[in-house]
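Each of the next two complexes has subunit A plus one other chain: subunit B in the first, subunit C in the second.
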Partner chain A sequence: MTRTNLMAGTILATALSAVIATGAAAQTELSMWYHGAGGEVESAIINRIVDDFNASQDDWAVELQSFPQGSYNDSIIAAALAGNLPDIIDVDGPVMPNWAWSGYLQPLPLDESVIENFLPGTKGEWNGELYSIGLWDAAVAMVTRRSYLEDNGIRIPTLEEPWTREEFDAALVTLEETGEFQYPLDVGMAWTGEWYPYAFSPLLQSFGGDIVDRESYATAEGALNGDAAIEFGEWWQSLFERDLVPGTSQDPADRETGFVEGKYAISWNGNWAAVPILAEYGDDTLFLPAPDFGEGPVIGAASWQFGVSATSEHPEGAAAFIEFALQDEYLAEFSDGIGLIPATPTAAEMTENYAEGGPMAVFYELSEEQARLRPVTPGYVVAAKVFEKALADIANGADVIDTLDAAVDEIDADIERNQGYGH
Partner chain B sequence: MAQIDPSNRGLRLAARYAVLVLIAVIFIFPLVFMVVSSLKPDQQLLSDTGSLRAFLPVGDIGLGNYAAAFQRAPVGLFIFNSVLVTGITVVLSLLVCSLAAFAFVFLEWRGSGLLLSVILATLIVPFETIAIPLLLIVNQLPWIGLDGLSTGWLNSYRVQILPFVSDGLTIFLFVQYFRDLPRELIEASRVEGASWWMIYRRIVMPLAGPVLATAAILKFLVMYNQYLWPLMVVQEEGYRPVMVGLQYFFQLNRAWGEIMAYLSLITLPVLAFYFVLQRAFISSIASTGVKG
Partner chain C sequence: MSRSRLTQSNRAGWAMALPGFGLIAVFIILPFFLAFGLSFTNQRLISPNPTEWVGFDNYRQLMGLGVLTLEPERDEAGAVIRDEDGAIEYPRLRGFTRGNPDYAHLDGMREWLSWGWGEDRVVVLARDVVFMTAIVNTLTFVLVVAPVQAAIALGLALLINQRLRGINVFRTIYFMPVVVSIVVVSLLWRFIYDGNDGLLNNILSALSFGVFEPVDWLGNPGTALPAIMAMSIWQAVGFHMVIWLAGLQTISPTLYEAAEIEGSSRWQTFRYVTWPGLRNTAVLILIVITMQAFALFAQIDVMTGGGPLDSTQTIVFQAVERGYGKQDISGGSTISVLLFLLVLTISLIQRYLTRERS
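What follows is the complex of A and B.
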């Protein structure tokens, strides 16, 4: 090869690499943080969505960083302080208003038509604006065995006709009197943290109370210590006094396996725990709707959702990725992979568990019919912890009225300290 | 009822050993539970917790949890990061804090008493109270690296190391130990013409074995167990330490066997470090009364 040819080749190669580099650089990088590190299936799916998105267009390239769920929120708060939030973040539904109020999130520029068929619990709206959207929802049901109820002459409740409070109590007493179970009901007292407000505040709401007053979001007075709340508190305490449920000292191992081992007749549990139970009991498994304590049956709603950080300089790119991720194909893949409820009916039909006639289809109906968001306020993060402590104290025998009054005072003081959280 | 004859040394020794063995068993049982549980499938692990079987390698035993743990998280990377950060911090800390203590004890300079008091006062300040200001500071610090000058130390090893190189407790340990060294030794060396550096290197530090071991172990434990700080300053997986990595195993449906396997793996460096230094550590406890 002559010297001239060598030079020409070099120039050509340089030019070619410049062209390739220019092509690659044309994609603006979007950083994204996700809470699913350690979840192999979950990580594989989110990585695939990112890869598909990056390959589907030339404008944006999403760079994913996964965090373990237990440390994710703290990492976000630290990053917000340091001013290095990524473009796209995911946020737990009930925490979203706090992050929006704190200035971590900006409204999500997504057309309403894109999400009109989504389950209500998947839409993260606050102050009249959409801030986040979820690919799935979670639901809670009473899990039991058909044979337990039929053998003891207990009516099987339906969505249309759930158990009343009297029926529910009578069923628990009947199951207790069989002597076959350590407890007739397990509500999961060993699962401290967000489980308490997620799983137990719907019971309070069914009595007619709530964690805070949703009309104003300025106080918990009347909602958490009114007549309905006191009635709920006394019923809640009676469950423990009558030995119908294990208390706060429940062994976490029993919470995990107690129902499958036959220690409990009914388990108040999430759809994420349904797969091993179905594997154990098959067709004998029943997922029952929440009882109606007077104001209609209620279960919790809202799981993890995607949003755009307030500091993102490319909200349109972030929104483009989120819209891309909302395809039924991915919703169904997540559902099949991690067992959660797909956000749309069309995606549900594509899944193994939630398609019509599927073993967990009832959870989709429960989400649609009974789900109620936890209080949509930035103050929820504090109120939830106060509520958790109050319920544990009442379960341990504390005076119901005093405990609820103290909880109201604490929540109100926090709201006042934060100038009403912008409501 | 049989009485132990106080003059019977054999029986007294046996009774003493029986008590010591009992105490040792109580302390070692959590470790045994952890290692044994790491070998069991979840279902068996949970059902065994109610009986003595929890401490016995019985039933369906295997290494499946270890394989699954490595699959779920980059365990080797997390251990490497923690050992690297901890090792460098311990070495730098021993050097810097012993030099500081040397200056406080052997050099005479104005304000040393006041400054030492201020440093010791930091012992009562919990790290949580300074975490956020520290985050804001390290986020603005400059750094010259291969890419030139940059601002902010987040996502690096240095941000996990440098803020912890010096601390009040380690300086206090060295100060206490140095004060017990015979002053005559230092004065004689000065008369002989030794420089302060030579005294530090040739006389003081060779005598400081026990305090070096104690300070190293205490610092090792603090650094190896770091959680809050790396959580705040490290967002890239490549720099995460073991304690943040532990969170990878707390999923909706917890795999307890994998958690136990991971805990067993990350405990190994701690045990190894302690075994290497235990003789000097015990000697230091005996002489200073300080323990971890």
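What follows is the complex of A and C.
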């Protein structure tokens, strides 16, 4: 090829790509923020969904921007204060009512029929309207090894017949007495933040208490400092007093690897941590349901979900993207990629781990049967912080009743200062 | 006229100062006045509710105190009931502080301090015990860190104020922690203080041939604050050492020569030549350390989060925790204003105590 020809070819190519670019510009741009920056697999999947969507139709072009999870909520709040919210945002389930109430989110215009098969924990509803929908849910279970229990003559609990409080306590004491473990149980005190209300408030609910009174959402009195809550608090404190559980100064590294290294016999942990454990222990791994402390076994529901910002000028476009992302294919891909529970049974069948008989299928059942949402109120954000501090203080030996009373006062004062959070 | 030349060059001067002044105005002066204003409202970080003027409510909420004298529980005969250890039993406080119409002024308060008074028990109640604890912790921190850090920094400055080969190596080493981000330093010290196999525990048990029982430095209410003090002193000591050093180098060598000729001892030289020469430096350092110590935040945020049992709560940490974590901007602002008043008072007292006496 001569030099002139080469030039001409280049010009042609440039012109061609310019034409293609103009074609793309005909699509209306939708901005989207996502919390998963840094996760390689996660980013690859979400990018693929966005590319597929942009290629599948000519009206909308989604522009994705990812944030690290630690600073995501702050970024959203800052953007909202500055009036700069993107069209599509993802939101942690329990935080959603706060953002909806604050006017960051608008109701999601999604047809009922699209999500009728979805796990209850994936649907973000507040004030009778759907605001957000999740592609997955997360679940918590007691992870242990079959051999630990069988060697020590401990009954293996089932979904139908979980451990009672006495059985659970006896099991911990038995495991402690073997002397093989630093601690028989690890509940993850090193994971400060949302983990506390997510993982521990279900235990309180199983005792019969709660973070706030869910009838009125106007007070925590009686729910967080009633007899059931005090009983829970005393049991919680006893775990640490009897040295059955590592305390608040647990090394985060031990939390990540302690169970696999054999330091802990049982780990109260999320399904996202299950993949490396399965890789280590294989068939010997057991995922046990939460114990029943009187009011039935409970675990927390709801993970990250997608919604449309209130300031979006194209809610129909945003909803179109969200509906597109809700295909079983993508739910299954997220599940296979990062171990999350797919939102629909049909998607679960397509996954490696959650298909019937799969090693983590039990999580799907747990999520379906035991999962309960954290209090659905804009006040949750503050109540969760208060709850976290109360549980840390009780673990460190503070007076149970006084601590719970103080937590109730703080939550009530916050509800009052916010004029009842619109309930 | 010379006046016009002055205004002209002033204009250029102002133009050059503008970026600096502008930033200071927007990010320091404006927030300062905003904090004052917001502390009298119920402003939230995010909320659809309109902001309302609430007067001194936030201050009352933070500073409210009450005193209650508890009488011991008595049986029917009027004798004092004691538990198995012989300690007198008192009625539970929640009977007084929760919805008791006879003690409405104590409603929602919590026990802060208490002591025995004969058979009775005097209880000081606070509306916000965590904030009270934060004030006490911060003052303790300042009272320990200011003199100790200043003294160690002076010691180091005297050590490196010599003409020795390679003295710059030592200067660099002492100054190094100052250059590293406090967040990084805090993370490292979290490993050092680790309760199981932290460096400090390992060193102490090696030095004592295994006699030393490992201590969970940051997980123990008794050791958490001292641990953070030690680490903070180490981290910033190099900075103050450099200021001392600058002060030392302003002292004229002729004074030392004269003292030497007069046959003064090392201590006398320090006491009568060095120390008087460092007077202004000392005032500066004391004020700077005090103000920095009051601003204690990053170490707490990274290392303990205010725990265990509030033993490391501090004023600034509480301000951030409330304003941002609990979305209560008015509460956070109120704490900032109180901190400002506190630091201002203490600085004025320091100024008065260290004034030039003529």
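Going forward, the second predicted complex is superposed on the first by the 398 of 423 C-alpha atoms of A that agree within 3 Å, B and C clash if a C-alpha of one lies under 4 Å from a C-alpha of the other, contacts with A are read in each partner's own complex, and residues count from 1 in each chain.
Definition applied: a contact is a pair of C-beta atoms (placed from the backbone, for glycine too) under 8 Å apart; a residue touches a chain by one contact, two chains touch by 3 or more.
Just so it is clear, the structure is predicted and the values come from calculations on it, not from any experiment.
In the superposed pair of complexes, A:187 makes contact with neither subunit B nor subunit C. By the document's definition of touching, neither partner reaches A:319: not subunit B, not subunit C. Contacts of A:248 after superposition on the shared chain: subunit C is touched, whereas subunit B is not.
Once chain A of one complex is fitted onto chain A of the other, the partner contacts of A:382 are limited to subunit C, with no touch recorded for subunit B. In the superposition on chain A, A:40 makes contact with subunit B only, not with subunit C. In the superposition on chain A, A:110 makes contact with neither subunit B nor subunit C. With both structures placed on the common chain, the touch criterion links A:409 to subunit C but leaves subunit B unconnected.
In the superposed pair of complexes, A:393 makes contact with subunit C only, with no contact to subunit B.
With both structures placed on the common chain, the touch criterion links A:274 to neither subunit B nor subunit C.
Taken together, the two complexes place residues 74, 81, 251 of subunit A in contact with subunit B and also with subunit C. Interface of subunit A with subunit C (complex): residues 74, 77, 80-81, 98, 101-104, 192, 247-249, 251, 254, 381-382, 385-386, 389, 392-393, 396-398, 401-402, 405-406, 409, 413-414, 417-419, 422. Of all residues in subunit C, those touching subunit A in their complex are 42, 44-49, 61, 92-94, 97-98, 108, 110-111, 129, 194-196, 216, 218-219, 221, 305-310, 324-328.
The part of subunit B that touches subunit A in the complex is made up of residues 43, 46-47, 49-50, 71-73, 132, 135-136, 139, 152, 154, 228, 231-233, 235-237, 244-245, 247-254, 256.
On subunit A, the positions that touch subunit B within their shared complex are 33, 37-40, 65-71, 74-75, 78-79, 81-84, 251, 253, 256-257, 261, 270, 272-273, 276, 338.
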